[in-house]
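Next, two complexes with chain A in common: one pairs it with chain B, the other with chain C.
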Partner chain A sequence: MTAIDAQGTVAAARARRTPRQKRDARVAYVFLAPFLFLLLLFQYVPLAMMAKNAFMDYSLLNPDAAKFVGLLNFSDMLYFDDARESLAATFLFALGVVAIVIPLGFALALFLDSKLPARGIVRTIIMLPVVTSAVVVATMWNFLLDPSNGLINGVVTAMGLPRQPFLTSPDQALVMIAIMTAWQQVGFAAILFLGGLQGVPKELAEAARIDGATKAQVLWNITIPLLSRTTLFVVVIMTVFSLQAFAPAFLMTDGGPRDSTNLIVYHIYKTAFVMQNAGYASALSVLLLVIVLGISLLQMWLLRARWNY
Partner chain B sequence: MARFRKPLLLAAVLALILVCFFAPFLWIVSNSFKPQLGIFSDVTPISWRTFLPLDPVAENYRSLFARTNILHALLNTAIVAAGQVALTLLLCSMAAYALTRIKFRGSQAVFVLILLTFLLPVEALLVPLYQVVSGLGLSNTLTGIMIPWIASPFGLFLLKQAFEELPRDLEDAARIDGAGHLRIFVSVILPNVKVPLLTLGLVTFLFSWNSFLWPLVIAQSPDAQVIQVAIAQQGSPTQLPNWGETFAGATVATLPLILLFLLLQKYFTQGMAMSGIKG
Partner chain C sequence: MAQVSLAGIGKTYEGAGANTIAGLDLDVQDGEFLVLVGPSGCGKSTTLRMIAGLEEPTAGEIRIGGRRVDGLEPRERGIAMVFQNYALYPHMTVAQNMSFGLRLARLPRAEIRRRVEGAAETLGLSGHLDRHPKALSGGQRQRVAMGRAIVREPEVFLFDEPLSNLDAQLRGQMRAEIRRIHDRLSATTIYVTHDQVEAMTLADRVVVLKDGRIEQQGSPQELYDRPATRFVAGFLGSPQMNFLAATVRNGALDLGGGAVLPLPPGRPLPEGRRLDAGIRPEAFAAAAPEDAAFHATATMVEHLGATSLVHFSHAGQDCAALMEPARAPRAGQPVHLSADPARLSLFDADSGRAV
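Here is the complex of A and B:
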């Protein structure tokens, strides 16, 4: 009897709760509906379309006349050099940006974390390029790097060196846009490193100092290892950001000279919107997506263990 | 850093930072007040003259506003940015409310669905997104420029985190008084997350004001052009003889953001640091 009674009470309680739960669920979906609708329409639908279009041959001027071509776009990607060269330039570019941004961003963060004067001003000044648009930065550097009247050649000649061609040289163009992008992003990296530094417990460093470690030893053996998660995070952010760079190639070099700065997003843009080969551009986009997803998943896998201090 | 204690070295480092990060801005702004020949003659040899307009002229700005549609583009950008900020805040906070304050079946699935889009690189979706938005008849409209970014997974995460930190007691009292979800959302939750809302608003404004590739493909017509597309078309030093006008355009396009940044630097920096999650 008691068992049945208890069951009856539970069932009754469940029945009593249900209308309210149902109402809550309805309210929840009403609150979520606009967000989810736009998310599906502008993220998942394009994703599905891209997967399909990578196997089609079509132009954006007349997308209804698309023709199924199987793996042709992907075999073209292997057969012709453009995708390989564009990816090589993009990775080299990303590598250059990361190689400059990580040490300089870290040094700036150490400075901002110290008790030295003028920290506030430095913090503001290094953030100016971060809040400036990629278009304005590219325009600004276009003129800074101008072979005849640019400011940088003004500095170069003032030091008694010969004028440099910069963006018109196949050897210098990619290096220059990597330096420019690093210049723009280093403040952002410094802010991220600063967040990491402020999370490191000070006791460890203090204890090591009392035991006679030099400041350099503390930095190298305690601070830098403790910041490995932050560092990996910043490396991934800067890499993913650089892989998606567009404005430098579009505004400064047109992907040249001799395709040396033909960054992958610029290549996709030109293929789809200028050459009207949207199927091939979709295949290139799939490749970019897979690379970026791979990097993000690798990061999540590397950060899976929360080694705590 | 013991060696930095030497004031001379510190001054040198500060000067280097100042030159590297600030001098280019100074050069652009001061050149926007110089005639073409003045810009060229002041560069070599380099001197303090390079960075100061001794006889400032407004000619570059006059011809910029008279000759190009930059004013219209600025207006378009302001409308897009304002609309995008308002709608992003609204949709993200509503969704965050449902995910944090209401227990319902399927909330985990919805969360995963949103989480996955975090990993998508937006530039990779450029071509199909163009087809979706132009298929809806929204190419060359301001709506078309802003609408794909309103359901922002970053915005949702930022607000979800903020909402989760609010104690339950806050809404319990209101519920006992008979308030429904809409009442609790508007008059209990939202007033307690003003700072996260401001942070998200600022980051969204920055993102919207500075966006270039998407407006470039979806809104080419002069009527719907935004500021970044307009100044990108002013050209490069080789194509366009008028340097001063280009510098004036760059100044006009950047000044509103820099002022906003200087006013609300703390929230900006916070938001940028959090936007790192998105990458």
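Here is the complex of A and C:
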């Protein structure tokens, strides 16, 4: 009954829309149209084509020879190890990035939120990598991490330690590109945390101090719990960003050594454009899309307001 | 319980030209309910925050119970504070909010429970202990904030405009409750407000601040009846006191516009002295035209129920008189008023000090 009533009310409300409301709606659509058109053309149409290709045996060299293969591409993902291995490397990479970015970004935000001198300069310094192209960053780190002439190995040997292979060691390469990505993204995380920190009313920390809390206790009992939603948001943004990382694998390691940095997007790229297996690459893309969508939905569910201030 | 004393307290903010507070001396007796009142920017909240330890004075000494506390952390001062915006921890339940300080102090669980339940009982929050602040009304949140202060059994309670976010009816109720709790706990209480009704109704002693200095202090009635300055006279009392420019002429007070009142008894004043005469709206009385000192036309009449506030203009000055509704004129009608000279407040026209 209630559902019917509610629908009735909605219908009645729609019917009651005044000419002015109708005109406003038309104007709104006119303003939205250019963006919607571009979105449709460059996002949703390719997305639909990709979804279709995921069920095809399809090569970019000879698109006309494409043929429907049902779920073969998806069953191949289970049959061969490449997807599993690439996803494992990607998740490990994302975990590394998040594990570095969250504490570091939070610490930087605390610093930027303080009244300490030089925070203006620090703000600029940490934001610089964020606005720098991933290609430039990757190239720069290639120089820094170079086994023979790199600056970092220079420091390592100056300290009397053995020269490190970094990007050419299967044990170190993934760690190094995770560190590099974290270095690039930490400023963004810090800015998000800073926004969260500045949204927490000052009186809460003051009330806690009056209640007998030390600065560390205020941080632990008040600030960090109140920033849980910001933290979750940063975790999700960084995870999704890391799952889609391409430049480090492409420019620094070629997915190697021994596929240790074969991130999923790079793997998709190689499958489609090097192996010329666009159908399988499309299926991998669909899988990635589902994963990212799942994470985003989980975030929205977890971020629903439980309390506010 | 404790005495609070401020000696030569000053506060200057970097970049601000003048001192916010300069050389403030104040002693609050053990168990006293002291209200700091003044317009915004007078330094009352800053003074309270310095007592709390949330801000450090740039000069002077603060003592609580004889112990010097400036430079100590808030937690070392034996105080509790209720904030204007309640400052409840949104992620904690009512019980957790109230017990936060006790848990930090590592009190035994049984003792924490005893105190929280006791405070909740006093404040009528017993049924809400498991709720989050979001699920409470404004009045309930205010009670939780008070409960959080009470459970700590502090020596000094500090209130920073605790009622200004509540509606008028609730404000009246909470005012009574705060006074009741004070009387029961007999803790020293320092209460900051810009609301002169709160100041008048709650205080044992009111301190009126202006520009970081004490303008006057005393019991509410004392301040109301014998304001030391024109500022205090204008600040306390609602509706506000009327001020008229006056000159002493022929041994009487010439209020301009043909109004002449005898000098207040026992206050001889030199001939020609220029004064500001303060007349409270209730000090006016309707009079027959031949007996009245003030003859004017009512410009507006506000009916307040028990009384009516009649606005009129005298010698270019807007005035208001409280009258019985039955005797109040309508807007546009003539109004004839007398005023009791004994209820006049006189201030020097230049310094604003009472004469």
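Here is the rule we go by: the second predicted complex is superposed on the first by the 275 of 309 C-alpha atoms of A that agree within 3 Å, B and C clash if a C-alpha of one lies under 4 Å from a C-alpha of the other, contacts with A are read in each partner's own complex, and residues count from 1 in each chain.
Heads up, the rule we're going with is that contacts are C-beta pairs under 8 Å (C-beta built on N, C-alpha and C of every residue); 3 or more make two chains touch, one makes a residue touch a chain.
All values derive from a computational prediction rather than experimental measurement.
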Following the superposition defined at the top, how do chain B and chain C come out on chain A, clash or fit? fit
With both complexes superposed on chain A, which partner does A:P46 reach: first (chain B), second (chain C), both or neither? first
Figure out whether A:Q217 sits in contact with chain B (first) or chain C (second), or with both, or with neither. second
Is the number of chain A residues in contact higher for chain B or for chain C? B
Applying the document's definition of touch, where does A:L226 land relative to chain B and chain C: first, second, both, or neither? second
Taking every C-alpha pair between chain B and chain C in the superposed model, the minimum, in Å, is 12
Residues of chain A that sit at the chain B interface in one complex and at the chain C interface in the other, please. none
List the residues on chain A that touch chain B in their complex, please. 21, 24-25, 27-29, 31-32, 34-39, 41-47, 49-50, 53, 60, 63, 108, 110-111, 114, 116-118, 122-136, 139-144, 146, 149-151, 153-155, 157-158, 183, 187-188, 191-192, 195, 215, 233-234, 236-237, 240-241, 243-244, 246-247, 250-252, 265, 268-269, 272-273, 278, 281-282, 285-286, 288-289, 292-293, 296-297
Spell out the part of chain A that touches chain C in their complex, as residue ranges. 201, 203-204, 206-214, 217, 221-222, 225-226, 228, 306-309
Per the touch rule above, chain B residues touching chain A in the complex are 1-2, 4, 10, 13-14, 17-18, 20-25, 27-28, 39-40, 43-46, 50, 91-92, 94-95, 97-99, 102-107, 110, 113-114, 117, 119-133, 147-151, 153, 156, 180-181, 185, 206, 209-210, 212-213, 216-217, 228, 231-232, 234, 236-237, 243, 246-247, 250, 253-254, 257-258, 261-262, 265, 268-269, 272-273, 276, 279
Which residues of chain C touch chain A in their complex? 52-54, 73-75, 79-81, 83-85, 87-91, 100-101, 104-105, 132-134, 148, 152
